[in-house]
Structure formats: structure tokens, C-alpha cells
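After this come two complexes, each holding chain A, first together with chain B and then together with chain C.
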Partner chain A sequence: MAVAQVKRIAISDSPIPWLAPLVALLVVFTIYPLFYNIWLSFHEYFPRKRAIQFVGMQNWQQLWEDTRFWSSLGVTFVYFAVALVFEIVLGMAIALLLDAELPGFGGLRAILSLTLVIPPAIAGMMFLLMEDAQFGVLTYILNSLGLLDKTTPILATSSTALAGVLVAEIWQWTPFMVLIFMAGLRSLPAEPYEAAMIDGASAFQMFRRLTLPMMSKVIAVAVLLRGIDLFRVFDYVFVMTSGGPGTATYTLSLYAWQQTFSFIKWGYGATLSLVSLAIIMVLANIFIRVFKVRW
Partner chain B sequence: MATVEYNRIGKSFGAVNIMRDVSFRIEEHQFVVLLGPSGCGKTTLLRMTAGLETVSEGDLMIGGKRVNDVHPRDRDIAMVFQNYALYPTMKVYDNIAFSLEVAKVQTDEIKRRVEAAAEVLNLTPYLQRYPKELSGGQRQRVAMGRAMVREPSVFLFDEPLSNLDAKLRAHMRTEIRQLHNRLKTTTIYVTHDQIEAMTMADKIVVMRAGKIEQIGSPDEVYDTPASKYVADFIGSAAINFMPGTVVTGEGQPAVDTPNGRIRVLPGAAVKPGQKVICGIRPTDAVVSDDGPIRTRALLVERMGHDVQLCTAAPAGQFLAIVDRSRPFAEGVEVRFDAAPEKVHVFDAETEMRL
Partner chain C sequence: MHQSRGIRTLRTIAGWLVVGVFFFPIYFWTTVAFRNAKDIFNWPPIFVDFEPTARNFEQVFGISLGFGFGAQEAVTPGGGNFYMAPRLWDSIVIASMSTVLAIVVATLAAYCLSRMHFRGRHEFVNWVLSTRMMPPVAVAVPMFFIFKQFSLLDTYLGVILVHGLMNLPLAVLLMKSFFDDIPSEIDESALLDGASRWTIFRRIVLPMAKGGIAATAVLCFIFSWTEFLFVLTLTQTSIKTVPVVSSTFVTSIGTAWGNMAALGAAAIVPAFIVIMLVQRHLVRGLTMGSLKQ
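What follows is the complex of A and B.
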């Protein structure tokens, strides 16, 4: 009996039974689609012939002349950069504020995480309503403050539509940053701050010389997680503007989606999503290298 | 340089009072050691002095000014923390330079002072390292350097040597004391190690459960411990206690104990019949063939110059440190005596010195 048990454990000592399910999942849902995508980018689907045919480098060449691709790339970069900056700065500011143990802040911290429970598409719908030109509460407030011309519908105006979408994005995801930063702040040792207090440092000096450097790894992880997500943005623009007006909010993901599913250009859609993947990988790697934080 | 004065200091954390009525004064240039077991409030008192903890009651004076509500940065003190509290993301140089940078001292002046401190503390080769790349002793010296460059009027040390190995500890002990002899900065040094207290202090403040038990020079607390607690705490080898009753025999007070009749000084404020506790330090026990304390040697430990005898006496274990000239063997009877002036007498009830 005992011997049999020992043997059973011994069999499980091999890593293969443990890894097999995960590897299978990875192959089916990640590796295979990736290679299929690469294969697809050298082909195109021809609806009339109902067939996928090899087209060589055609899809990749088309990219260079496709102004809609370049414009969607631009929109994606702006969206990515603005959202990231706002979410980091706001997230850090709120985290520092909530880190103070004041009465009621515990509740605030709990409420904060609620935005993360809402599906992004629903959050997009909420802001779509709030930014409605006729009855939107945000529109009303901005109009009353004189910050917005009464004749300008936020989401239907080229110059304001992207900002309108970004508001939803930042509203929903800043709390995510706050939670990560707060966890980071909580794990910082107290003593260096006491030493700094005696050394005469101001709150700002402590933040710059102690908190920021000690948090650099946490910040780097947050930027990486959020940055990758931001670059793939789809839901908010899809729900709120469908990329409009014109192509003012057409992001790369949305454009790839449109090519693939509306225009049934599977090959070109695959090419666009591969470009998106490549950019994310290059950016993430540069970031990891540049931000090689060391203590 | 400044004086530090504690005036009926009390401290509570919420509803829990951990310190009451602590009063003493530290003169300029003095090296004062706060001594007591873990949890007696040494760190708390030091942190109150630094301004890291609020003072619940009483007045805290530094340099003659009440500083209860003064920010730590304005108290002109420097502190060496128990686990050093170095800035983990700064190199050694910046750790030491930080307070000067914050105070907007000129760069070349900062450089001069940091390098001078590094020279004194043998840190010059490590200035470009991060704290985590240093050994415990080196970190400890960085913490000292950080305190030194500020040229404060009071140094606060919180068990700075407790994380070091025995040899380094002994070495740093003399280093710190020599540093003090040179800089003459008023120093408050917290430790639970009576050897550190005895070797370094000008004045020892013995603490117990948030109160002061005795204040005095190392010799005073060793020779005339104010209570059984102090007698027990001070001294490398544990003092021998024996309960007894005062009798007055042969014109001189004595105490009848299970270990026999122990003679005590006439000066001791004792009445016949009073219940007391006698304390005899192992180094004060003399081997004497007609001594009252009859013991049987259990263990003979040769310590080079001396011999430590661990013996069984009627009142329990009795420890003696004696000359090695006489041969001792385990199992033989040894009789001890002690000079009356070396016998410490404490009230059995209050455990205070009589």
C-alpha cells in the first residue's frame, strides 16, 4: 500500500503530466492561431470564388500605400500615449492620496475597484449616453462651464471624439493603476522615510528620491500591462464612435476588425493584426530594456 | 552640542500606556546609554526624542528648548536605526550626502564632507555601491556616516550593533566610543546589552517596563544597584541571589539564608526580622575554608585567567569566578565567603536596595 503510494508520487515527479494540459491549450489557442495568421497574411479570401488563394507579399505591400492604415496607427498611438500618461499620473496621485490613513478612505478604496467590475463595452455605453449632444450629463456640465460650444456634439466632432472616448477609458482604468500603485506603496519600508524625515527632506523630495525609485518596478509592470492593453483598444471606440466621425477614432484593432469581418478580407486583416502584434512586441521589449531598473 | 532633558515624559499608544514619568537630563558632550530588556520602551523614548513619535505627556527639551511639537528636521538630531534604514535606491555616497543635498549645501562642500566621513569609517572603496551590495557591518557604518555628516547636536543610536557578529560588535563598540571622544557630540545610545552599556557609557539609564529603574555611571550601577532588577541585569556573570531574614549577631547585622549566615554592612537600613534578598556577584565570592556558603562544585569551567565554578548551594545554584591557582575538581565541597561591603541587600517585598 505504502509502496504503491510512493510510486504514484514518483510517477508524477516527471514534469510532463503537469505541463501537458497547459501546452495543449497553448498550442490550440495561441501557437496554432499565430502561425495560421502568419500563413493567412500571405493569402487572401476571394468571396466570389469562395476560396483562399496565395497572393505572395501583396498584403504587406498594400500596407505601405494604405493611408487608412497609417491614420489608424496614428490614432492608436495618440490614444495609447494620452491614456497611459493620464492613467499613470492620476493613478499615482490618487494612490498617494488614498495611502494616507484618513477616516473613510477604506470605503473609498473599495468603491474605487468597482469600475473594474463593469465590462468595458458597458462603460462605453454609459459614457456614450453621458456625452450625448441632447441629454448627456457631461455635455451639459461642459456647456455650463463654457468649456464646450453648445453646437458641438462631442462624439460626432472630429476634434473632440477621441477625447470623448479617452474619458471613458481613463475613467475605467485609472482605478486599476491606483490599486497596483497602492499595493506597491503599501509594501514600501517605513524606515527610509523616517530617516529622510530626520534628514530634512520635504514630501516632494521624499517622493522623488525615495518613492519613485523604490516604485520603479511596480510602475514598469503597470505600464507594461496597461500599455499592451491600450494598444489593442477596440471596445470603447467600437461602442462609442465605431471609429468615426470619418476615421477620427479608427484604431488599428478596429480597422483590422473591419477589414476581416466587414470587408471579408481575411488575409489583409491578418496582416494588420500581425503588424499590431509586432509593434507591441517591439515596444514592450524596448521598454523592458530601457527600464531595466536596478537597486 | 546640546543638552537633552526629559521632564515627566509619558507615552501611550491609544489607550495603552507604555511609559510614565520618565525624567532625566543629559549634559552636553555626554554619552548616555539607555539600557533595558526588549520591550521596556527604549526605542519609543528614542523615537520621541527624534520626533518620530508624539510625546503623550511631559516636556522634551533639546538645547533648553521645548521640542514636543518640533518637526524631526528642526531638532538638529541624527539617528542611526537598528536596521540602519538606508535608502535602498541610492548609492552609499548619496545615502550619506542626502541630508546635505536636501539642505542645499554646495556640491563641493558635500563631496568634501562625505569623503571625510567615508575616510573615518573606512567606506571610501564602497561609495559607489548600493546598500544591498554591502555587508552588515558596512551598512552599519553607512548609517553612522549618514548621521555624522550632518554634524548634529545630538546623536541617537538604536541598538546599532545588535545585527553584527560578536567580534565586529566589540570592534564597533570601541570605534563608536572613540568617535565620540573626538566629536564630543551629545549621544543617546539604546541597547539591551549590558556590556555595551558598561564599556561605552558616561551615564547609564536602566529602564524597566517604561520606567527608569536607576541612573548612574557604569561603576555606580555595578557597585550599588538600586534594585534586584538592576543587580540582575548588570554584570557579565549572573549575580547569585539568596532569600533570608535579618539578624543582628556579634554587633553587626547579618542575614540568615539557606546558604548560611551572611554578614552585611552596618550601614544597610535593615531591622532584625526583616525579610530580604542578598546578592553576591560571582566575582565577589571568595573561596574560604570556614566561609558560610557551603557548596558542591558541579562544573569547573576554565576561562584562561579565571575559573568559573558552577556549584550547588542550599539556596540553589551558586556561581563563582575565582583565581585558577587552586585546583578544583567537580564533586568536591567548596566554601565561599563574601566581604560585607560586597553583599547587596534588597527588600524581599519591594526588591529595592536597602
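What follows is the complex of A and C.
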């Protein structure tokens, strides 16, 4: 009787007034830009005529022939994959290391969370200074260890520039993984481990057979959220290398932004950002399906 | 697991070393803020033994801090090359107002998504999540044109709107997870007593979710504080936030590293303090409410 009454009241409540402000704002923020970009991708701005004109499929055709687009796509995927692998592996290793009640470990977790609140643009600056060829402290350390030739400027050499940017990225976001994985590790039940100990399982076996499967949901959420951000990376490359030297660190986001604002190719810039959006949407949705991530 | 004392000691040292590596750039950057040029450009780099000076802060903020060992120059507000106090103010205004916007809108929606049953609710939550996937560059360009039309470029209102919108998916999902923690029996018994949804929300649920709202607000504040691309695109000269203005310290005649580090340190310290306040909810926030600690 009481349950039925509650249900009736709940159903008579309309969600519309509660959701209307959110929907209105999200439409402005997502639906409108989406359609505007689609419209713009079939047009181009002509600075001399000071007018936007319809150009048909020209921007989309240009994509296929544009080697800089393909190279930026390649750079983005390499950046995405390398950063993700490093952040997951390092994150898990450090989480396992710190998952213990040892002197000062509570404080260490708090210190790790500091990197997450630094603006990525400023983190980029920090590493720009530390990787400077003349007086950078990271350059100095790598030289002393014999890992780097003094005459090689990290961020101005094609073969090392992307690695130089990735160092900043991995430094800032590995703690993101550590904190999430540690929370996951702490929520694991103790019984399976006790049983495994009795059966004489090794630490590695327990990690593979117990920890990894039980942590799969936690890992999937962390990878999804980090992966989305990695694919649209902009700040680090913008402040550290501006895409250079050559096209060694041009990511898709940076290339789209530059086409729009530096080269005034509004239509082509919109086309590029649509490509970026499409790839993220497809990859993220496949990932959500395969790993059954739910909110 | 029982480990021998030797292993525990090794593990303690390893933990401290690893975190030390992650802390080192923060330490180094902070010291650069207190260095003279000669201590910044030295080779080999100086790790500890430099002459501390407050000049960088004085130049950036136009105030005399009254310590340091070098020659003191009179620095007046607006007189230095890098007078940045107004930019710090811009950052504060934008981050706090956009947080208010996101929290108000998100709290309403999150309560509804947590409590009311309607068709397509699950799809709606997924849609909100999917808006988190928009690449900023795909949003910034259309926003630039619409802002141009409505004269919102280079205004507080424009950046506040965009930052508020940017934080909505996070705020909605995170607040929903906090509301989900509050038993819905409380709402139901109040409904039976004849209270309206709005009364329940305002009088009962909101006060119970105070901690969650505070944690969500802190994260929204930080994401606005650290945001780069939108501010870069949607502002010109009259307002700029700290991350964007920092990148202008790189000039053709060299980079004002000391000044940049001073501004950076001044911008990072408040963020360090607030993040310490929400340590308890940090992982929940970082995973948009998906994982509870």
C-alpha cells in the first residue's frame, strides 16, 4: 500500500524542471558546436573576400592528401599509446609499492596528488625549463648518466622532442593512476589472498590471478578517462614545442587549432576537429562496450 | 601479508624515493621563483645552494616583500614588466563564478537523476558522460564565432560560461554519486508526509550532501583554474588566466623564468591547499563518481 503510493507520487513528479537547465547548457556546449563544425567543414573562409563560402567536399578531400594531417594523427596515436602504457604500468607498480602502512606513506599519497592540480600549461613550462639544452636540470642529469649527448637539445631534436613532451605528461598524470589504483587495491577483499597464501601461491601469481581480475573495473574507468584526455592533448605541445621541430610533436588538436587561428582556415580547422571528435567517440564507445564500464 | 623487517625498510625507502622523483620538479620550480638570473642559468644547474631573493615576486605582483639580499628596486603596481596581480584576480573570478554555475545546474540535475525514475534515464546519464569526450578544440572554435556575434569575446561572462559548461559532466555525475549515497527512504517518507520534491531537496537532501557539494566545487574550481585552451582562444587582451599568461613570458629576447616561476608558484599554492581539503573524496572526483573510496 505504502509502496504503491510512493510509486504514484514518484511517477507524477516530472524530471523536466530539474533537467531543463542542464539540457539547455549542454545543447549550447555540445550539440551546437557539433552542427556548427559540420556546417563549417563544407565551407571555407576567404580572407581576401572577407567571406565564408560553400566549398562542397573540398575540405574532406584535402584530408586524404594532407600529409601533415596524417603525421599529426600518427603523433597523436603514438603520444596516446606511449603515455597510456607508461601511466598504467608505472601507476600500478607505484600503487602496489605504496599500498602498505609504512612510515610516512599517508603523506606520500598526499604529495603525489599535488601534480594533478598544476595547470598542464605550467607543468609544460616546468619541463621546458628543466629540459633546456644550456642549463636544464633534466638535461644535466641525463648527461651525467650518459643517457644523452650534451649537444642534443631534447625538445629541438626530432627524434627526442616527443619523448621530452611525454616526460611532462607522464610525470603529471601517473599519480592520477596511482591514486585510483590504490583506492581500488584497498577495496579488495582479504579472503581470496588468505586462501591463495595457504595454497602456496607466489606474489606474482596472486597479482595475476586475483588482483588484476578484481581490479579490472577500476583499471577500465581510469584508462577510459585518461585515454579521452590523452587523445585531445594540446597544452603540453603548445607551450613546449608548438608542434616542432618540423612536425615531430604536432598533435591533431594542435593542428586543428593552428589551421583555424594561425592560418585562418576555419573550414579545414573544423574538419580536423570533427575527425578528432569522431575518433574519440568511436574509440571510447567501443571501450565502454567491451569493458562494460557503467556509471 | 607479513614481510620481514628488511623488506619493510627497503619498501619504505623505495616509496620515499619514488615520490621524491615526482616531487622534485615541484621543488625545483619553487626554488627558481626565489632565484636571481645567474642562479637560474648556471651550468651545472644549482640544486640547493642559491642566493634566495624575493625580486621575482616583487616584479610580478608589484609589492615589496622586504626580504632578499640583492639590491632592492622600488616596484610599483603596474610599473613592472610583468605586473600580474590582475591576472591572478581574473583566474579567481572565473574559477569561482564558473564553479557556482556548474554546481547550481548540476546539483538540480543530479538530484533528479539519482531519485526520479523516468524512461531513458540511463541513456541520459550516458549522454552527459559522452559530452565529456568533446575535444576542447571542437568546442572552442564554434564558441569563438558565437561569442564574437554576442560580444562575449574577452569578457568574464564568456569564459565563466564556457568553464561552467566544461565542468558540467563531472559535476553532474559526481553529485549524482553523492546523492546515491543518501538513502532514498528519507525522501520517500517525506513524500508520504506530503512534502514536495523541492522542499525535500532543499531542506533534507542538500544539507546532507554538503560535503559532496564542497568536494565537487573544489574539483570544478581546480579544472577551471588549470584550463588553457578555452582561455587562450576566447580572450584577447583585457582578461587572461594564469596558465595562459604564463606562456607569454616566453619572449624573443629570452624567457623570464624567475618571474614565470613566481607567478606559477603563486597560482599553484592555493590549489595545493584546496586539494588537501578534499583528499577523502579525491579518487571519487577523479573518476567522476565512478569509484568510491
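Here is the rule we go by: the second predicted complex is superposed on the first by the 276 of 295 C-alpha atoms of A that agree within 3 Å, B and C clash if a C-alpha of one lies under 4 Å from a C-alpha of the other, contacts with A are read in each partner's own complex, and residues count from 1 in each chain.
Criterion: a contact is a pair of C-beta atoms (placed from the backbone, for glycine too) under 8 Å apart; a residue touches a chain by one contact, two chains touch by 3 or more.
Just so it is clear, the structure is predicted and the values come from calculations on it, not from any experiment.
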Chain C versus chain B on the shared chain A, clash or fit after superposition: fit
Touching partner for A:F135 - first (chain B), second (chain C), both, neither: second
Partner chain(s) touched by A:F176 [first = chain B, second = chain C, both, neither]: second
Per-residue contact with chain A, leading partner among chain C and chain B: C
Touched partner set for A:M281, first chain B, second chain C, both or neither: second
Chain B versus chain C as contact partner of A:A51, first or second or both or neither: neither
Partner chain(s) touched by A:V221 [first = chain B, second = chain C, both, neither]: second
Which of chain B and chain C A:I264 touches, first, second, both or neither: neither
Smallest separation in angstrom, by C-alpha atoms, between chain B and chain C in the superposition: 8
Residues on chain A lying within both footprints (that of chain B and that of chain C): 197, 295
In the complex with chain A, residue positions of chain C that touch it: 1, 8, 11-12, 14-16, 18-19, 22-23, 25-26, 28-29, 32, 40-45, 47, 104-106, 108-109, 111-113, 115-118, 121, 124-143, 145-146, 162, 164-166, 168, 172-173, 188, 191-192, 197, 222, 225-229, 232-233, 242-244, 246-247, 250, 255, 257, 260-261, 264, 267-268, 271-272, 274-276, 279, 282-283, 286-291, 293
Chain A residues touching chain B - in the complex, by the definition given at the top: 189, 191-192, 194-202, 205, 209-210, 213-214, 216, 294-295
Complex interface listing, chain B residues touching chain A: 50-52, 71-73, 75, 77-79, 81, 83, 85-90, 98-99, 102-103, 130, 132, 146, 150
Residues of chain A defined as touching chain C within the complex: 2, 5-6, 9-11, 13, 15, 18-19, 21-22, 25-26, 28-30, 32-34, 36-37, 40, 94, 97-98, 100, 102-105, 108-123, 125-127, 129-130, 134-137, 140, 171, 174-176, 179-180, 182-184, 186, 193, 197, 218, 221-222, 225, 228, 231-232, 234-235, 238-239, 253, 256-257, 260-261, 266, 269-270, 273-274, 276-277, 280-281, 284-285, 293, 295
